[in-house]
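In the two assemblies presented below, chain A is common to both, partnered first by chain B and then by chain C.
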Partner chain A sequence: MKVMVFIKRVPDTAAIIKPSSDGKDINRENVPFIINPYDEFAVEEAVKLKESKGAETVVVSIGGDEVKEQLRRALAMGIDRAILVKHSEFWKLNPSQIGESIVEVAKRENPDMIILGKLTIDDYTYSLAPYVAYKLNYNLITYATKLEYLDGKVKAERETDLGNEVWEAEFPVVVSAERGLNEPRLPNMRGIMMAKRKTIEEIEINLPQYTYSIETFTPPPPRKGVKILENVDELIKALKEEVKVL
Partner chain B sequence: MLADFYLLDDELNEEERQIRDTLREFVKKEILPHIGDWWLQGKFPMHLIKKFAEMGLLGITAPEEYGGLNLSKRVYGIVARELEYADSGIRSFVSVQNSLVIYPILTYGSDEQKRRFIPKLISGEMIGCFGLTEPDSGSDPASMKTHAKKTKGGYILNGAKMWITNGSIADVAVVWAKDENGIIKGFLVEKGFEGFSTQELKTKISLRASITSELIFNDVFVPDENVLPYAEGLKAPLSCLTQARYGIAWGAVGCAMATFEEAVNYSKTRIAFGKPIASFQLIQEKLADMLTEITEAQLVAWRLAELMDSGRASFRHVSLAKRNNVRTAIEVARRARAILGANGTLAEYHSMRHLANLEAVETYEGTYEIHTLILGEYITGIEAFR
Partner chain C sequence: MKSLVFIESVKGIPREASFESVGFARSISDEVVGVFIGKPENIKGLNKLYVFEDERLSIPIARPVAEVIKEVQSKENAKYIILPATSFGKELGGMLAAMFNAPILDDFMSYKDGVYLKGFYSNKVFAHIKIDGEPLILSTRPRAFKPVEEDTEPEIIKLNKELPQELFKSKPLEIHEKSSEEVDVTEADIVVSGGRGMGSPENYHKWIIALRDALSKATGLKVANGASRAVVDAGWVDHSHQVGQTGKTVSPLIYFAIGISGAIQHQAGMRTSKNIIAINKDPEAPIFTISDYGLVSKWEDVLPELVEKLEKIAKEKV
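Right, the complex of A and B next:
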């Protein structure tokens, strides 16, 4: 079994984000970056499959040399090898372009399963898994919270607003990871040292051009201060006069 | 990071940086939220031993053929610093396993002893401890009373060892005792050997998240194959202490960083006289002094790592670093506690716990005073020990 995971370098969720000078992006200077948390679930799931089923694992990302930091972490967690689709300004790419990169790498690698996060926390489009599955003509399971591997197929649990579902899909399949799928491990020192010996293959892909882009980026307004009220009467008064919801 | 003012960590290579970052995540997630409670309860987190082993913390510099990582002393230093950022007791556990158990077996043990003990010590299946200090013999280890009498197939060991980290949970104790000719030898005393017992010291007001015990030997038969063949004389145990003291010099930097950061954060949010206390000159002076002292301690630790890794460090270099950095950490922690005011005395904060721990750290592995005399002897050529 061959499993491919895609990860994206995103700003740390704990980082303080400011807009860039042109107001169309975030200021990327002095911001710590991490593997997109949902993609990290995908990495963990692939490593577990390697340990339990002997799966061959490959991690893919897109960007410049800076992205090797996240690829190395995935390798340190236990993924066998990495592929970096070179791009100097990957954060300007739209989801279709990133999706196309994954599709191109998948055509080369022919994985039985592609696992990736249900969304990336920096753009929230939820679109990569469906895009990739459609383009590759793979089965698709989104928002998986539990995966079980049978011969040549996968059984997945997913939570919906109506209740829990159990799906079964034959390989090849694209799975998007939801929170709860697993608890990603921290890389250990041995893994970190071993990752040094693993390869990061760099490839170039001609990406299609699209005519849409982000027009403006505005960070959320700062939270207002907390006001402590003495009693219920004051609360009701505040809700009527200040917040005006009563 | 505010406390790394001279950007020393920029010298780390990519893997070393990853090791540091991963350890920070580990400490933040697995230790910091609970350490105050463990400390108050006087409880060492046994469940972490397996995780330490998985992280690779129990055989950092040991050769790969025994399951070690064969990494540099610099990495060992970084590990000590990041662990002691959380608590000196946690770092002590890792120091003992690496420097006081694995190191002597690797350095003074037979191939058979190495094969038998080292892989299990690295995987955390076995815990070790180191017995040199005695109830009546601390700074003057040559005065030890524990003795070993040759008998058929081994030795009969009698005596007691005191202040032994991990003593009650150890599967193997590296014990130093005098033979009939008064020569100090190393013995690997295993849990379950007849006549060997331990007693945990429960009333410590320092290093409460660490196990400290007395080891008692009452006619304990130690077979010849458990005697370290290449250790003879006091130099052998002292060489182990040099390794452990090196880790302490780095660990103390971690303590100092932790209490400094706590003081900075607190001073910026605590309001007095209508403004954050960080805006007062007396607080700023304290913080400036703390940062300066931490920077000095870091420089000492970093240079010592270079000397250790290139084989140029003597025990005297290590003495200076242990002496200076632990004293620095105490002074930084004390000022941090003062900046936190009454809150500083609570276990919800870290400074007072570090301060209480550091009182023991300043005494163990060579007291401040003994290291002073080691340096005094180096400077003057005159020994002032006796």
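Right, the complex of A and C next:
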């Protein structure tokens, strides 16, 4: 079995994000970057499959040289091989463009399973797992919180805004990882040393062009500031007279 | 210009978020065509409604539903394909982008003069986006748009199409639905969230739930209970209630943060709420910096009295 995971480099969840001075981007100075948290679940799941079923594992990221940091971390967690799809300023791409890159690499590698994160915490889209599943004609399971590997198929628990569900799909399959799927491990010293010695394969892919651009970034509108209430009656009064829900 | 809107439903009842998508569609197009799976009732704001029935779709499955939309789009050639950014709508949107080789903008919150606004980096900044395509796939963030009000009588068109079984290769086996009184945090008008400061799961389940139910009775609005990650990790309540960067993004009319410090990852999920009310014993807690109303107290000194007074208001109403 061959499993591919796709990871994106994103700012740390705790980072303070402000628009750059020209507003065209965010200020990237002194911002620590991490593997998108949901993609870390994907990496962990693939490594577990390698350990339990001897799966061959490949990690891919679309980005500039800086994303090698995240690829190496995935290798250190136990992934066999890494591929970098070269694209500077990858955070400016539309999901459909990233989708085409993922589809291209997947076609070359022909995996039985592709695991993505359910979303990326930078641009908050959720589109890629279904995009890729459609284009590759793979089955799809989104928002997986638990995966069980049966003969020729996977059984998954998933969490949606309507509740919890159990789904089943045959291979080949695209899965998107939701929190709860597993607990990503911290790479150990041996893993880190091995990852350093591995070469990261670099490839280029032509992207389709779309009318898509982020014109500016602005800070969220300021909130009006807190009004300190002294007691419950003042709270009830505010709910009645200002929020007008009582 | 024409829009095609997917009307998502649960057990045959259209979701409110779908009418927000129709409301947005009305604002940018002169003709709005809907697609509905099942038997439609009380569908507002549309010129035309395509109806498709298939018992295999009592639980929506993206791949076959995409095929239904493809069929409608081949007749209508709409410029915009609009969906609500629910769990299912987001999944379907990605699939449609692939199907039509179209650009997609997911979960945006407003539109003006050709520019879409969307929260990036967990709403720490807002992005002003220009995007275009034929068609263009858009999903509207729940609660960010006004639901359509016009009560037009749509022309109903029944779709007769056999969907091949091979489109159903990913399929649901079991569904554990929320009980009908339980509202999802993303759809609620009021979210009452409790954090580690509640002290124990028993306190959470007694007092957060009591406030949720009292508010629901006193206001008649949809109220849900939310949580910080600290208490989800501690197992007090399941992850579907978690608000924040690795939980859900909510923008209710009122967000109560009780015993929640307001870590940046928590703020990410709730800072676009209309009114934020914090109850925290620590006056320095970061949650107060983004709140509209604050009570600097132990919850023990607030919740019992608040619940009692709300219950009294509820009784007076009936």
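We take it that the second predicted complex is superposed on the first by the 218 of 246 C-alpha atoms of A that agree within 3 Å, B and C clash if a C-alpha of one lies under 4 Å from a C-alpha of the other, contacts with A are read in each partner's own complex, and residues count from 1 in each chain.
The working rule: contacts are C-beta pairs under 8 Å (C-beta built on N, C-alpha and C of every residue); 3 or more make two chains touch, one makes a residue touch a chain.
From a predicted model like this one, the values you see are computed outputs, not experimental measurements.
Shared-chain residue A:Pro187: touches chain B; no touch with chain C. Which of chain B and chain C touches more residues of chain A is settled by the count: it is C. Residue contacts after overlaying the shared chain place A:Arg197 against neither chain B nor chain C. Looking at the shared chain after the overlay, A:Ile228 reaches chain C, while chain B stays out of its contact range. By the document's definition of touching, of the two partners only chain B reaches A:Arg73; chain C does not. Comparing the two interfaces of chain A, the one with chain B and the one with chain C have no residue in common.
Residues 14-15, 18-19, 22, 25-26, 29, 54-57, 60, 69, 71, 75 of chain B touch chain A in their complex.
Considering their complex, residues 10, 59, 62-63, 66, 86-88, 90-95, 97-99, 101-104, 106-107, 115, 118-133, 169-178, 184, 186-187, 190, 218-219, 221, 239-240, 242, 245-249, 253-254, 263-265, 268, 271-272, 275-278, 288-296, 302, 305-306, 309-310, 313 of chain C touch chain A. Chain A meets chain B in the complex at residues 69, 72-73, 76, 186-190, 192-193, 195-196.
Only residues 11, 13-14, 16-19, 26, 37-38, 94-96, 99, 121-135, 139-143, 145, 155, 159-170, 173, 178-180, 208, 210-220, 223-229, 231-233, 235-236, 238-239, 243, 245-246 of chain A touch chain C when the two sit together in their complex.
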